[in-house]
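Note sheet for the following structure.
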Amino acid sequence: MLGNILVNALMNAGVYAMLAVGFSLMFGVARIINLAHTAFYMVAGYCIFYLVSTAGLPLPLAILISIVAVVVLAVVVYRLLIDPMREHETTVLILTIALALVLQEAMLLWFGGYFRSVPAATAGYATILGVRVSFQYLLTLGVLAGALVAVWLVLMKTKLGLAIRATAQDREIAEVMGMDESRTATLTVAIASALAGLAGAIVAPLYILEPRMWLNPLTIVLAIAVLGGLGSLKGSLFGAAIIALAESLVVFLVPQGAFLKGAFSLGIMILVLLIRPEGLFGVAFEEER
Amino acid sequence: MPEAPETLGAHEALLEVKGLSVRYDTAVLLNDVTLRVDAGETVGLVGPNGAGKTTLLRTVAGLVHWEREKKRGTRAGNIVIEGQVVFGGQRIDRLPPHGIARLGLVLVPERRRPFRELSVLDNLRAGAYLVRDPKEVTRALETVYGLFPILRERGGQLSGTLSGGEQQMLAIGRALMTRPRLLCIDEPSTGLSPRVRREVLAKIKDIGRTGITILLVEQDVSLAFALTTRNYILSHSRVVAEGTSEELMADERLRQRYLGVAGTA
Amino acid sequence: MTVVRYLNWLWREFKGEILVLPGRSILFFGAVALLALPLVFRHPYALRILTMASIFAIFAASWDLISGVVGQLSLGHAIFFGTAAYTSALLNLNAGLPPVVTIPLGALAAVVAGLAVGIPCLRLKGQYLSLATLAFPIILAGLVMVFSSVTGGELGVSGVTRLAPTRLKEYYVAVVAAIVLILAVWKITDSKVGIIFHAIREDEVAARASGINTPLYKVLAFCLSGLFAGLAGGLYAHYMRIAGPSTLSVLTSFQPIIWVIFGGIATIYGAVVGVFVLFPLVEVLRVAPELRMLLYAASIVLVLRFMPEGLAPWVIDRLERKCPRCKEHNAFTRRACRVCGTALRVPQEKGVPSGG
């Protein structure tokens, strides 16, 4: 039982971390709450489905194309619609809601409302901690971990990463030091959507695709972002782990737990908002002090 | 590396502010301000609280224009900027702050504002963002360490945990990493003990001696006048006086009204 | 007063209050048209669309009240709608109560929900408040699924009594309810309480500083908003004859947002315009799915880009003008303000600066 819980939690933690890190980055750097973030994750999943099942492309190529498609879509929408309105926080929230709904409708239109699935890349199982774990699962977990490490490296070791971290803390002074805040924000959106796209593309074989699949992860990502601290990456990782584990416990141990998953995460979110709104590692924006 | 490396002779205006007025909604923050800073000078900007000194530096650095562009159309967006700011012969009042930094004008902001969650070293590296050549960056780093050895010691420490004086040195060091032509320093002595104040201002004097032009806003008039060649007094958003430190201190009326100093330090 | 005197008074009121402004006239005649429509046109599908639009208009107006007027952006408005829908349906099925009883009771339950949401949210501001509101309906939805023996789980509560014996009567119930309730909401925003609501949105700190008990009024706003949303929810449950988890869904929460932003936020009449333009549009375009999505997206995007205040205010701006001195609206044809007599500027060409 414990093994099942851990295995289940680990995969979810990986996906949630990918989504939450990107979401947190966008809030911390571009200062937007992007409610369409998980919709991009969904679009990537459908892209993979189309490219692999219908167009018959090899998996690595399909993954690459899906990610690129999602990044291009996200950056274009951001530059054209969201960037000009960034100071109108309410309008941005609503724009992203509208965007998510449009993407949902688009998926519904092109793929129908039926549940779709993507074939796995590998077959076969291993047994870990007494639980049968597919190689697909291990492969996916590996890719997710690798992506998170790559993000960490970019943030800590590159100039762009430095600009991102500086802008996230104090965008005025980052500008004064010569960092183009608008460009940094756009690149952050690109990175965040690339993470969402990668998550969607590689996780697709393990989950089921349907046009409303973006709703559940959205609420969970929000809960994680708030728990970990809006804008904090450490917080996103810790938050993802905690929420994924808590969810797993609820699903396996609480009767009817599957229905309570979302409610539980959001309950945590509300508690955090009321008791300690900055979350575990939250950072207040310098220019607002 | 700053662009436009035209060398200006001494006594040529590096920075010229002409008839600058800034209004936030109905509040007038700057009213027809005109001043200039020549290459190589250290110019002081003093005056009572709320006179507009910080607003002036922020406007020169491009932050007010940037804020206006961002907030266009929102309820808080009624910001008006009139007049001109000319740097190195080029108008900069419509440029974004990062463009102005690229030209060699850098701000050391009020309250220091280090990137709190970044280490000292990362803060300095952030300052060197515009510098392409890694060797240049290392050289700049050595220069800054030479001025402020404490920063080398505390390299890995989170800048938010430094003392006030150390943060001020970091802020100045960070700005120096951009290889500036003009350094605008906003109230470096705030919140510092008298001993640390003297230390910091002595360092600023050293920086001035290396040829970097400085525009210094200061509350502590006696300390400032010891460094500066020429000064402006700002009060209620206007320039009310201009002169050398000696001239201004000699004027009884000015001293009592704006400088709050009962005699030379 | 004699009947004739009363009719005279009514006519003068009508001319003075409604006909005097194009915007109000449009709304008035729109309402009249809705009421009179079945006399000429009885297509059941059209009636159904308009009935649902009326119910949703109440829901949208309730959202505008809390989010637009008071400035507490609610991303989880479905909590009120769904709470009332389920309460009405369950009371109807289990206690055999008729709609005229269950709907107010359902609304009452929604008011309680308003307390449950409003009080915790007092400590939150801006985006954090909105995120919190998002959570409540989802939590409730989870509980609904867990207690499916009572709530019917995924399938919901069905077999609810009809709103009225005939389709036509249901139509009138919905339309009349919409007219009355939305007028009530509008009256609230136009009253002393409304002024306080506006003040809270403009600058809560300043309002607090001038002695207004802002927490009380914020909770009041949530309760009022909940009341009207609840009435809509109850009507919905009886009209659809079912109350299911969709009434608590994120999509149900997001719909009024789209409608009101499109129609014009913080105006109340914008909510009506938004629903009555977008809802029938979406329904009618069901026959051409590609077009539907494209139009839906395009209309939202275009409105937000070029009419950022919403469709209704954009239209009003072209039909009416504000007096520079007394701020009262006047028809664009007038030369002098009808209230204070100040000369109204002739429309200027574009590019002429108007100061600031």
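We just call them A, B and C in the order they show up, numbering each chain from 1.
One rule holds for everything that comes next: contacts are C-beta pairs under 8 Å (C-beta built on N, C-alpha and C of every residue); 3 or more make two chains touch, one makes a residue touch a chain.
Predicted, not measured: the structure shown is a model, and the values here were computed from it.
Q: Please find which chain has its CA centre nearest to the centre of all protein CA atoms in view.
A: That would be chain A.
Q: From the centre of subunit C, which chain's CA centre is farthest?
A: Taking each chain's C-alpha mean as its centre, the farthest from subunit C is B.
Q: Could you state the distance in Å from the CA-based centre of subunit A to that of subunit B?
A: Once rounded, the distance between the two centres reads 41 Å.
Q: Express in whole angstrom the distance between the two chain centres, defined as the mean CA positions of subunit A and subunit C.
A: Going by mean C-alpha positions, subunit A sits 34 Å from subunit C.
Q: Report, in whole Å, the distance between the mean C-alpha point of subunit B and the mean C-alpha point of subunit C.
A: 52
Q: Which subunit C residues sit where two or more other chains touch them?
A: 308
Q: Check each residue of subunit B and list the ones that touch at least two other chains.
A: 73
Q: Counting only residues that touch at least two other chains, what does the list for subunit A look like?
A: 88
Q: Sort out for me which residues of subunit C touch subunit A in the complex.
A: Going by the criterion above, the answer is residues 73, 75, 120, 123-124, 126-128, 130-132, 134-136, 138-143, 145-146, 249-251, 254, 257-258, 261, 289-290, 292-293, 296-297, 300-301, 304-305, 308.
Q: Name, in rising order, each residue of subunit A that touches subunit C in their complex.
A: 33, 81, 85, 88-91, 93-95, 97-98, 101-102, 105-106, 109, 215, 218-219, 222-223, 226, 256, 259-264, 266-267, 269-270, 273-274, 277
Q: Considering only the defined contacts, which subunit A positions touch subunit B in the complex?
A: Of all residues in subunit A, those touching subunit B are 86-88, 159, 162-163, 165-166, 169-170, 172-181, 283, 286.
Q: For a test of understanding, state which residues of subunit B touch subunit A in their complex under the given definition.
A: Interface residues on subunit B, with respect to subunit A: 61-63, 66, 70-74, 77, 96-98, 101-102, 106-107, 109, 113, 115-118, 122, 125-127, 129-130, 174-175, 178.
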